[in-house]
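In order of appearance the chains are A, B, C, D, E and F, and numbering begins at 1 in each one.
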Amino acid sequence: MTRTSGRRADELRKLTIIRHYTHHAEGSVLVEFGHTKVLCTASVEEKVPGFLKGKGRGWVTAEYGMLPRSTHTRSDREAAKGKQSGRTQEIQRLIGRSLRAVTDLAALGERQITLDCDVLQADGGTRCASITGACVALNDAITRLIAAGKLAANPLRDFVAAVSVGIVEGQAVLDLDYDEDSACDTDMNVVMTGSGGMVEVQGTAEGAPFSRQELDALLELAGNGIGQIIAVQKAALVAS
Amino acid sequence: MTRTSGRRADELRKLTIIRHYTHHAEGSVLVEFGHTKVLCTASVEEKVPGFLKGKGRGWVTAEYGMLPRSTHTRSDREAAKGKQSGRTQEIQRLIGRSLRAVTDLAALGERQITLDCDVLQADGGTRCASITGACVALNDAITRLIAAGKLAANPLRDFVAAVSVGIVEGQAVLDLDYDEDSACDTDMNVVMTGSGGMVEVQGTAEGAPFSRQELDALLELAGNGIGQIIAVQKAALVAS
Amino acid sequence: MTRTSGRRADELRKLTIIRHYTHHAEGSVLVEFGHTKVLCTASVEEKVPGFLKGKGRGWVTAEYGMLPRSTHTRSDREAAKGKQSGRTQEIQRLIGRSLRAVTDLAALGERQITLDCDVLQADGGTRCASITGACVALNDAITRLIAAGKLAANPLRDFVAAVSVGIVEGQAVLDLDYDEDSACDTDMNVVMTGSGGMVEVQGTAEGAPFSRQELDALLELAGNGIGQIIAVQKAALVAS
Amino acid sequence: MTRTSGRRADELRKLTIIRHYTHHAEGSVLVEFGHTKVLCTASVEEKVPGFLKGKGRGWVTAEYGMLPRSTHTRSDREAAKGKQSGRTQEIQRLIGRSLRAVTDLAALGERQITLDCDVLQADGGTRCASITGACVALNDAITRLIAAGKLAANPLRDFVAAVSVGIVEGQAVLDLDYDEDSACDTDMNVVMTGSGGMVEVQGTAEGAPFSRQELDALLELAGNGIGQIIAVQKAALVAS
Amino acid sequence: MTRTSGRRADELRKLTIIRHYTHHAEGSVLVEFGHTKVLCTASVEEKVPGFLKGKGRGWVTAEYGMLPRSTHTRSDREAAKGKQSGRTQEIQRLIGRSLRAVTDLAALGERQITLDCDVLQADGGTRCASITGACVALNDAITRLIAAGKLAANPLRDFVAAVSVGIVEGQAVLDLDYDEDSACDTDMNVVMTGSGGMVEVQGTAEGAPFSRQELDALLELAGNGIGQIIAVQKAALVAS
Amino acid sequence: MTRTSGRRADELRKLTIIRHYTHHAEGSVLVEFGHTKVLCTASVEEKVPGFLKGKGRGWVTAEYGMLPRSTHTRSDREAAKGKQSGRTQEIQRLIGRSLRAVTDLAALGERQITLDCDVLQADGGTRCASITGACVALNDAITRLIAAGKLAANPLRDFVAAVSVGIVEGQAVLDLDYDEDSACDTDMNVVMTGSGGMVEVQGTAEGAPFSRQELDALLELAGNGIGQIIAVQKAALVAS
């Protein structure tokens, strides 16, 4: 099979991570998976949500949004409609859980870091791009807290990144773009840490159910892909 | 390891499926996984959502809710708060996708079936119980449509059921109750068809990331559990 | 006149009160007036609403909901619509007032008891069934507080129950079912205490205005009906 | 007993009905029961709500609001809070039902008349004043429709008015002002037609339950009061 | 050019200011610019919004609303729709800013005065009438605070009033009524103080852009008009 | 006076206009006024709002939003809060009016163009940047419609741009950044066309009222600034 993009089945799109993309946030990263572009900012606040008050632990959370015309046809603005869609809420909950999985919340102290992931341009894989970019933005925000003497130790235990995989025309492929995502039979998002642990596996049969063999093939592709993505995250953070 | 319930690691809770639980709905099922009790009704409407109008296809969708005191401590009523939580939306989207995975929407014709899954009592696994009960309610509604001469052929291609599995104190266990769910490191919901195809796999590391070996063990448990659950669904449908 | 149900004009539907229907709530009652089934739970919280803070008094309040398919045709889920209807709010205010009318709020101490009345199946008279069942659930919750040594004296001064009456085809009848309720000229809900005091009288002319004589006949029927209903409440509470 | 206002137990407050108070509406009435002042406008629209489309019948409905500082202390503006309170909805449903009780909706034809009742100054009895004023505004709107040749016959079958009665310090009194309303044991709103038929009776025990004798005394007072109120309505309409 | 009202280009409509229009509010003014009638109440609360707590300064704010049938055809009630329109919010922000411009918030002390401006009848210029009337209501509320010994000095530094001006059929005219407002090319609202300082200038080209000469002519008209309006405010306040 | 930025009083910030910034929208412009960065997209839809249906005219409208961390400290996400602020609505109404002022809506035909202006980074003047960028995006969208043969003639009659001016420490200055905006006594936003006509003038006294002389000075500065801005718009459109 040839992918319309010309990519091999196990080939990622061009992945770019630009730090310090905007200048107010403690961490600000533009992440691009091919044509998918997401701005991820990390904002530190010296307070925690009500359910954590006085418990000596911090919190990491996320919000997600798509600009109305980040998509092929214009979507309604959620602020104008007065509510976030189920999809939006599902995605922002996933991003938050993924980042908390690599954060020692006790070591963070009583403060909250909010990751805002806003899609400037969408071409499939926005939730995976968000997790990937947010991890780098979170690193930058933590580094700044350490530099300011507010944290004794680094609460981040590992890197975390995500990629989508799917069965398209019977073949397992890595990092689906929008056209592939629309056409695939099975769509899976995998979130893993730098040491190869799994944080989230969300596989959905869009058409026919999938078999255990297909699941295995998808996980194999995803594991390799995430290894490459985390290498790009690390390189971006070295770059200063 | 002994589970607090005395169950073996691969043992389901007592599963009961009561059909015709209420009498207005075209399908009405009370499903119990141990102390978890969910009322699933199927409502047929001879119209489809706007995006399907005139396309000759039907739709199957779901809504989910918990009665305020179905839980250990009272939760706010979503109708009074004026919005459904992200968790609620995530679950009802999952239920809808799972049922559509076994339904031939073209064969259903231009009508919609809504599955309302309302939790009367919660003790873990409410989304899996909902999918399991909704499948039976949907069968009853379809049977009634066929009996009424409104459907030439049965649009249901297979059964579908769900179960939760997780890693509790280092061991993979089947069908977690609330206490196990609160204490587990990894929580996974698996949705499968009668013929063993996978429809949804949603695994989340609540504590430490999980390994590929753990994932494999969980899928093994889930597959066996779902086989037993689907047998109970079939027996319930035969019963009258 | 013969009622379609075969009941006499002054005859209640079969009334069943099942306590301990679910197990998390401090009081949990399934009440059935014929085919009308309402689950009433009482939840105790050791705090009061803002307007009562520090005043040494407690509060009793109620919320009401109908499952979407408790009715002949599916109603929209209020949580999904994002607001409770005027009817819902009217009913839950009525339930709360009725229960407060027999509760010594000072003797209750600074705690709140919330009665959630959720209609599983509707066939007319759901607000009256709710009040009737909630009274029993409230009794159970209070008994538990006394047993736990949290209350020195019983703050409940009396029983309270409700029934609907109406003029159907020119005749006053007791305890209307849905078909009678839809066809009646005058509909009245009466809430009374065990000692025969009136707590609420709400009569509405659905068709022609009603006369004083009709009102008198309706109140007579209601008084007798409530006497029987309170006897069933008492018997249920004795039962253990 | 002497009422603080100096009124006899069976004495209404000064009742004033000013027609044509504002000039855009088809009917516009300022009604004053003592210090309670409500502006009632009737707006005719040549369309009906969805559930009545094509049925050849009209609709009469009402909306109610209080200006934020119509009350002793400022209340939040419902438009700013984003929702109408349960009390507001209850009242506007009552006003609508009361007016429909004297309107032949088939004779009205497929059009809707909306009565907006906005409280400029509140001193008890605003819902009764609203019904009383809205009846006159509705008459004016109907008269205009007849004059315009849009109605062959008058769809109004009778007058309708309302008054509150209550038990204050053990005595039944007519037309409660705010201080009496706050202090009363039983509060009842009665809506009646010009020919003496009852449209709504809503009695509530605020303190102790009320007896049948008290109910009878209250209805007696209300009946006499409404007779006087309807005389004022008629006089106002004659005045031109 | 002759204006349809017969007014000269630089002539105000009849301006009436009635104080003490309702009796609960600390300031209550009915202001009429021709057929435009707005009820402006000032409510004093001994607390400030969260962002001012503990800062020793007060706050002056405003809310605005139109009764549904204050307009030619009925507008939806914002409380029923569940949100205030952009226009409403824009106007109430303008009123609040205009009044704060003449108030020494430090001298006011930690209290808030809310100006509620509710349009009873609309014929153009409601925002200008609101500012004009609210200024007088604010004066009355402040006078009452001083009389009660709660304020050492008067925090009001000046009067403030507003008027609309516009280019209608090529000519600059003062104080547009609804018909002129609908037909004008340029619409400008000007808010000025008693000493002639400008507080707000909001000019909008409804049709063709406007020139600097036109702007100058409009400001000239507005300045003269506001001088007359402030004279009426002063006269009203002297009147007692 | 020296401005903290080192700019002269009549000096604009560096102005950059990048077209084709994202690739789905019919027009997509990133506009930068110094550190203020706004993404403006134009989306064409072949339908008009309800009030224009069948009238043969088109519509141009705008929506505005700020990314949560476009500002110094994180602002709540409007989609999560469930409503747009008054400020947001005021700004998007202004942008829409400004663009309609230079568009021949009849020539546009029955289609709508929506300008989404999303602030990626805020440093004062976001509404002026939005208008300026949206004008270019609108040009690109129109050009595409003409190229596709959907428009016979260009409905754009002129360019439109905006700039803020203000009195800072007694001196009139052009194009305020955030620090100047926070410190200024008077803040004015001016919208003008390429031929020098005024479309909107919105001046607000933040501190002391402003005089006619100050207003004149501000308009002078704004006029010169807008001339330069429109030259940049034109150059950007020529560029490719």
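Couple of notes before you dig in:
One rule holds in what follows: a contact is a pair of C-beta atoms (placed from the backbone, for glycine too) under 8 Å apart; a residue touches a chain by one contact, two chains touch by 3 or more.
A quick note: this is a predicted structure, and the numbers were derived from the prediction, not measured.
Ranked by how far their CA centres sit from the centre of chain F, the chains are topped by C. Between D-E and the choices E-F, B-C or A-B, the pair with more than half the same contact pairs by residue number is B-C. Between chain B and chain F, the centres computed from C-alpha atoms are 51 Å apart.
Chain C and chain D have Cα centroids lying 28 Å from one another.
Chain A and chain D have Cα centroids lying 59 Å from one another. Within chain B, residues 82-83 each touch two or more of the remaining chains.
Note for the complex: chain F touches chain A at residues 22-25, 28, 35, 37, 39, 41, 43, 45, 63, 65, 67-74, 77-80, 82-84, 88, 114, 116, 118, 120-122.
Chain B makes touch with chain A in their complex at residues 83, 85-87, 89-90, 92-93, 97, 101, 188, 192-193, 195, 197-205, 208-212, 215, 219.
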